[in-house]
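A, B, C, D, E and F are the chain letters, set down in written order, and residue numbers restart from 1 in every chain.
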Amino acid sequence: MPYVNIQVTRENVSAPQKAELIAGVTELLQRVLGKDPALTHVVIDEIDPDNWGVGGLPALQYRQRGAR
Amino acid sequence: MPYVNIQVTRENVSAPQKAELIAGVTELLQRVLGKDPALTHVVIDEIDPDNWGVGGLPALQYRQRGAR
Amino acid sequence: MPYVNIQVTRENVSAPQKAELIAGVTELLQRVLGKDPALTHVVIDEIDPDNWGVGGLPALQYRQRGAR
Amino acid sequence: MPYVNIQVTRENVSAPQKAELIAGVTELLQRVLGKDPALTHVVIDEIDPDNWGVGGLPALQYRQRGAR
Amino acid sequence: MPYVNIQVTRENVSAPQKAELIAGVTELLQRVLGKDPALTHVVIDEIDPDNWGVGGLPALQYRQRGAR
Amino acid sequence: MPYVNIQVTRENVSAPQKAELIAGVTELLQRVLGKDPALTHVVIDEIDPDNWGVGGLPALQYRQRGAR
């Protein structure tokens, strides 16, 4: 019964990329733990960069200091 | 002090339906566990169907294969 | 495809009470939004009272001031 | 490695206010637990008031009864 | 800056299996979205089977009816 | 109505430290956004280090490579 929540910044993630994440995570849980894909739910949350902080700074400012 | 997070696909959930979910969950927690409604918070997240996967597929594709 | 996360303080919630919460939330989502129970997952998190704060205080101290 | 999720109602929270929340939470975790800011992620979720319930009511109705 | 939360039932998931999930999800996000592994956090929550419901039933009862 | 979830590795976080986190976050939300402490809930999740990954590795292995 896995449930997986993937949070990424909202930056033009395409529908095919989302489908690839869903397929990849589901396959991983089936391979490593034998989980039934029909019971595996994946939810992708796209977060506005203003709303994500790391290093004490909003994401875009943090990246300008050298991280990606 | 319950906190309840309800995640559903974003498909025209109306304000009255949301109010009914909020009332229903709050009543359930009061009845089963004696929780004070004033301390019970309910947050509904509506998820774009592209962002929800089950069975290794995005929700709409999964449904086309026979589930709802 | 609903996913519901219920967070309550860890205070002797029994297995039958958990089953009642699971049944009640699932029935609510079926009744209000027509959701298929086979696609409705409910996860109950029991939180140590030291780890839950409200009003700026840990739960037990907050309750001693008059709330439940 | 802290991860902090802040959920508030979506009511004109400005970018500087978000930056202040990110900075404040990160500083708090560094001060209290010695956590490295570079490993501290903060995600702010803004929730539509229709989607937030307390006291068994949607947030705006609850406030009209006297709370903020 | 991805954050991934994986929820599975608590059923003897070993440390090497957890490491494989962490590595697999991190690699997937790097491959599909180009995310920096150093900014990718993965948190695995193991949920007591009594606390997980699907189909309106606790997980173990649900499985006895034919699902895994 | 804020709800804040703080996730840290489970490494001897004391009750006074938890109380300090709860007080600090609640004060921050009151100061920055004018939120009522009585409606501010904080939940601290302590995560086993085996269950937290960063950089594609479990937390303890990642730290041995130079991060904290």
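We adopt the following convention: a contact is a pair of C-beta atoms (placed from the backbone, for glycine too) under 8 Å apart; a residue touches a chain by one contact, two chains touch by 3 or more.
All values reported here derive from a predicted model rather than from experimental measurement.
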| item | value |
| --- | --- |
| D-F or C-F - the one linked by more C-beta pairs in contact | D-F |
| Gap in Å, rounded to a whole number, between the CA centres of chain E and chain D | 25 |
| Centre-of-Cα separation between chain E and chain C, whole angstrom | 20 |
| Of all residues in chain E, the ones touching two or more other chains | 1, 3, 7, 21, 25, 38, 41, 43, 52, 54 |
| Pairwise touch network: line, ring, star, complete, or other | other |
| Pairs of chains satisfying the touch condition | A-B, A-C, A-D, A-E, B-C, B-D, B-F, C-E, C-F, D-E, D-F, E-F |
| Of all residues in chain C, those that touch chain E in their complex | 15, 18-19, 21-23, 25-27, 37-38, 40-46 |
| Contact footprint of chain D on chain E as seen in their complex | 1, 3, 41, 43 |
| Residues on chain F engaged by chain D in the complex (per definition of touch) | 1-9, 13, 17, 20-21, 24-25, 28-29, 32-33, 35-36, 38-39, 52, 54, 59, 67-68 |
| Residues of chain E that touch chain C when the two form their complex | 7, 47, 50-58, 61 |
